[in-house]
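Two complexes follow with chain A in common, the first pairing it with chain B and the second with chain C.
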Partner chain A sequence: MSIRVESLCYVYHPGTPLETQALSGVDLIVERGTWVAVVGQTGSGKSTLAQHLNALLLPSSGRVEVDEVPTTAGALAAREIRRKVGLVFQYPEHQLFAETVREEMAFGPRNWEFPEEEIKNSTRKAMDLLGLPQELLDRSPFELSGGQKRRLSIASVLVSRPDYLVLDEPTAGLDAQGRKELLYLLKRLVKEGLGVVHVTHDLELALTMADRILVLEKGKTVFCGTPGSLLDELLERPVRGLCLPPILELVSGLRSYGYSIPYTLDSEELADCLEREIRS
Partner chain B sequence: MKFLNHLTLGQYVPANSFVHQLDPRCKILSVIALLAGIFLMVHPAAFFAWGGLLLLLSRFSRISFKVVLQGARPVVLLVVFTAGIHLFLTKGTVLWEWGFLSVTREGVTMALRMGLRLFFLVLFAGFLTLTTSPMELSDGLESLFRPFERFGFPAHEMAMMMTIALRFIPTLFDETERILRAQIARGADLEHGGLFRRMKAFIPVLVPLFVIVFQRAEDLALAMEARCYRGGSGRTRMNPLAWKKSDTFAIAGVIAIVAFFVLLDLKG
Partner chain C sequence: MEPEAVCALRDVSFTYPGAAAPAIQGLDLTIRRGEWVALVGANGSGKSTLAKILNALLIPTRGDCFSCGYRTDREEHHWAIRSRISMVFQNPDNQIVASVVEEDVAFGPENLGVSPGRIREIVRESLCQVGLEEKRRTPTYALSGGQKQRLAIAGALAMRPECLVLDEATAMLDPQGREDVLKILRELHSKGMTLVQITHRLEEILDATRVVVLRNGQIEWEGELPELFERVDRFPEWGLEIPPLVRLTGLLKKRKVLPASCLPSVKELLEHLCP
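== the complex of A and B ==
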């Protein structure tokens, strides 16, 4: 059970002066219960890739399969794929529209014709997961705070019980606390068997959270593998489209001054090592 | 998958041509003269002359004729409808009859005249927006309406409103597309069902769009205030409009051609 992307190419506005190749030959496998980060700069094609995973965009060439069903298998298959693969767009709070939180949550499941009883249970569960109290159910989504709106919009995707969740910059515009909570939640969901695709430009975040990382630049795969091997590669030579996270810059700077500190992304570990080095 | 087609009506096509470089005021007045001329046309045959003029204009402005014709695409239905109404509802000598439908000689002439008139109106008016950037256009309008400020007409405010509206059309298109995708990702089905069901299906798109529009308007107002915008009085411009000799020639030429066409048409 996985999402398979095979030599995916996508061209925007084919046959017009605005024609641009957004993706060229991207391969990716997302298993359930794993966290895959897609990293790249603005315009690297990562959002385009995200929209292919749930059949919002169809490949110009190559193929995308969700649990062995290709996204090009017709409208009915696409609908089912969209339920299986939840997509949380950038700034998802812009999609809120309903009069009450209850209605907002019921939008997706109703579209997929869940029975009402199941919608109720699923709503309760999804709201608990995202730390939204049940008292909010009768409030207007527009009355919520910014952080609550973000969590509600993610809950409104999770409520349809997707098997995979694709998130496009889910932490953009959240404060440090909200960010931490969201990442922690995602980690938990992955442990419960959800496949997560996390689109981000934050390499440090990807290195600390993901099981696998895909690095895109100008629509091409630059790297695909585990965080550990990406780290090794990064330290050996610069990888196109990426720069070293500040903490690693610091470590390599310290090492060049003769301190023997291991490469780490954990600031506390770095502080401990540094303290030991200075004492000795 | 493409959910929205961008509209081509009134799109600016930048180029370095004689027409592009004309003063916007000259172009606005010329278009008014041209449109007035088209309204005065009586003989359908006269539209050959107008068609020739259109070709000439497209050459002068270095905009391909295809692009010019594309501008009329949104009104094709309206043109056909208008022509049809005139074709069947004008009384006179009957040429052909079928049940309650009858086509008369006068009807044919009338249908041609009205259809072509509408068609050419749109094509010539299209030239204005094809060759004039929205900025220039609103500058030109503001300058033309300035004399009416004496009677309390808010020329500057009107021009500013127009500029802002034009500026935000593409942005709102992008926003709409984004929201559409987000709702489709949540299982919204916008393509099936009857008219009423489909209209209802658009509520989840329209509500967020309205929210965003109001938010943007407020942000923009705040940003303008923060930059000390307080209306038109005393504002200077970075590129003040300058009426050149070529503008005088162009408008004189246009008026002469229109007058010539109209006279020719009146004589038969």
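== the complex of A and C ==
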């Protein structure tokens, strides 16, 4: 059971002066129970790729399959794919629209024709998972704090029990605690079999959380592999299109000065290495 | 209010309608001209509420707030306050009103009744300050996220404010976009602009002249950067993330590899470690 992306190309506004090739020949496999991070700068094609995973966009060429069903297999197939692959947008306020939290939560499952009793139960569960108190049910989603809106936007997708979750910068605007809780929750859901596609600018987060990382630059794959192999690759040469988090930028600067230290996010390990190098 | 104060809050509390607890509680704070104040703290600690009190978007339910010499609880002052204290929010799409870059920047001064010739000048200057002068005729939808946020800043600058309040203005930007915005802030601050910066990323506050930590609507701690980074052990209870570079800097200071004054920035660490 997986999402398979093969030789995916996508062109915006084909045949017009605005024609832009957003993705060229991207391959990716997202198995259930794994966490895949997609990193790259603004305009690298991350969001375009994300929208292909639940058939919001269809390939110009190449293919995207969800559990062996191509996203191009017609409206009925696309509908099922959209239930299986939940998409959480970058800005929660682009996603939230209902008058109350209760309505917001019920929208998806009602669409998929879940029985009302079940909707109630799964609403309670999804809100508990995200740490949203039930008292919020009758409030307007727009009165919630930034962190609560963010968590509601995720809960309202989880309530339809997707098999895959595609999240665009889910931790932006969350504080340390909220971020930790959300990442921990996602990790747990991945262990229980959810496939996660995490679109982010934050390489540090990708390196700590993901099983695999896809780096996009101008719509092309520049790297796809495990976090460990990405760090190894950095020892050889810079990876194009990759903005290093401050600690790795420091490592890179120190290495070019002559320090022989590894690319790692582990500050204890780095401190040990640096101390050794300096004292010797 | 002291003459150098841009904003002065005296025993300010604010409770949202229908909320059980106040979002801001008995807060005293003075923001002086030319300061760069970083406002940090957990979600729900009151940062955004405080920001909105500063420019009279919210009026204290108790206590007084003076902004640019005006009491914020008098409606007749709101226009004057909001043109002197400009806000930039997280999502630039909510702040951009026009379909072409230069029209968007002109929107504020047009509403102030500034003469067309002067508006052209202001638009040019404001776009220069954010490095978008070449994009002035570009449709706003064609800008990248980072460019949109710079446009939102230009729009705020076009009001010729004394103070810029940035509420997580970099949260949605990629590393390059964030650095571009920070560069603009450094430039503005060096020319005397007062800045209030709300962020969850401690890497971004390394130019602040003062840090205010909010917790449950009150000031939990305030001081300068080096003192802040001496209190890393308190970050978890304050709701602050400890980025790896901050942790590493702390460790190297403890082991006397770095001097106590070293800030956790790549630049400072390289200067010390690669003399």
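Some observations on this one:
In this text, the second predicted complex is superposed on the first by the 250 of 280 C-alpha atoms of A that agree within 3 Å, B and C clash if a C-alpha of one lies under 4 Å from a C-alpha of the other, contacts with A are read in each partner's own complex, and residues count from 1 in each chain.
Quick note on the criterion: a residue touches a chain if its C-beta (ideal position, glycine included) is under 8 Å from a C-beta of that chain, and two chains touch if they have at least 3 such contacts.
Quantities reported herein were computed from a predicted structural model and do not represent experimental measurements.
Once the two complexes are overlaid on the shared chain, A:E204 sits against chain C while remaining clear of chain B. In the superposed pair of complexes, A:S156 makes contact with chain B only, with no contact to chain C. By the document's definition of touching, of the two partners only chain C reaches A:P246; chain B does not. Here chain B and chain C are compared by how many residues of chain A each touches, and C touches more. Once chain A of one complex is fitted onto chain A of the other, the partner contacts of A:P227 are absent, as it touches neither chain B nor chain C. In the superposition on chain A, contact of A:L57 is made with chain B only, not with chain C. In the superposed pair of complexes, A:Q177 makes contact with chain C only, with no contact to chain B.
In the superposed pair of complexes, A:E275 makes contact with chain C only, with no contact to chain B.
When the two complexes are overlaid on their common chain A, residue A:S145 makes contact with chain C while staying clear of chain B. Within the complex formed with chain A, the residues of chain C that make contact are 41-45, 48, 90-91, 93-94, 144-146, 168, 171-177, 200, 203, 235-236, 239-245, 247-248, 251-252, 255, 257, 265-266, 269-270, 273-274.
Of all residues in chain A, those touching chain C in their complex are 41-43, 90-91, 93, 145-147, 169, 172-179, 201, 204, 243, 245-247, 249-250, 253-254, 257, 259, 265-268, 270-271, 274-275, 278.
Contacts from chain A toward chain B in the complex involve residues 51, 54, 56-58, 75, 79, 82-83, 86-87, 89, 92, 94-98, 107-108, 111-112, 142, 156-157, 160.
Of all residues in chain B, those touching chain A in their complex are 1, 175, 178-179, 181-189, 191, 203-208, 211-212.
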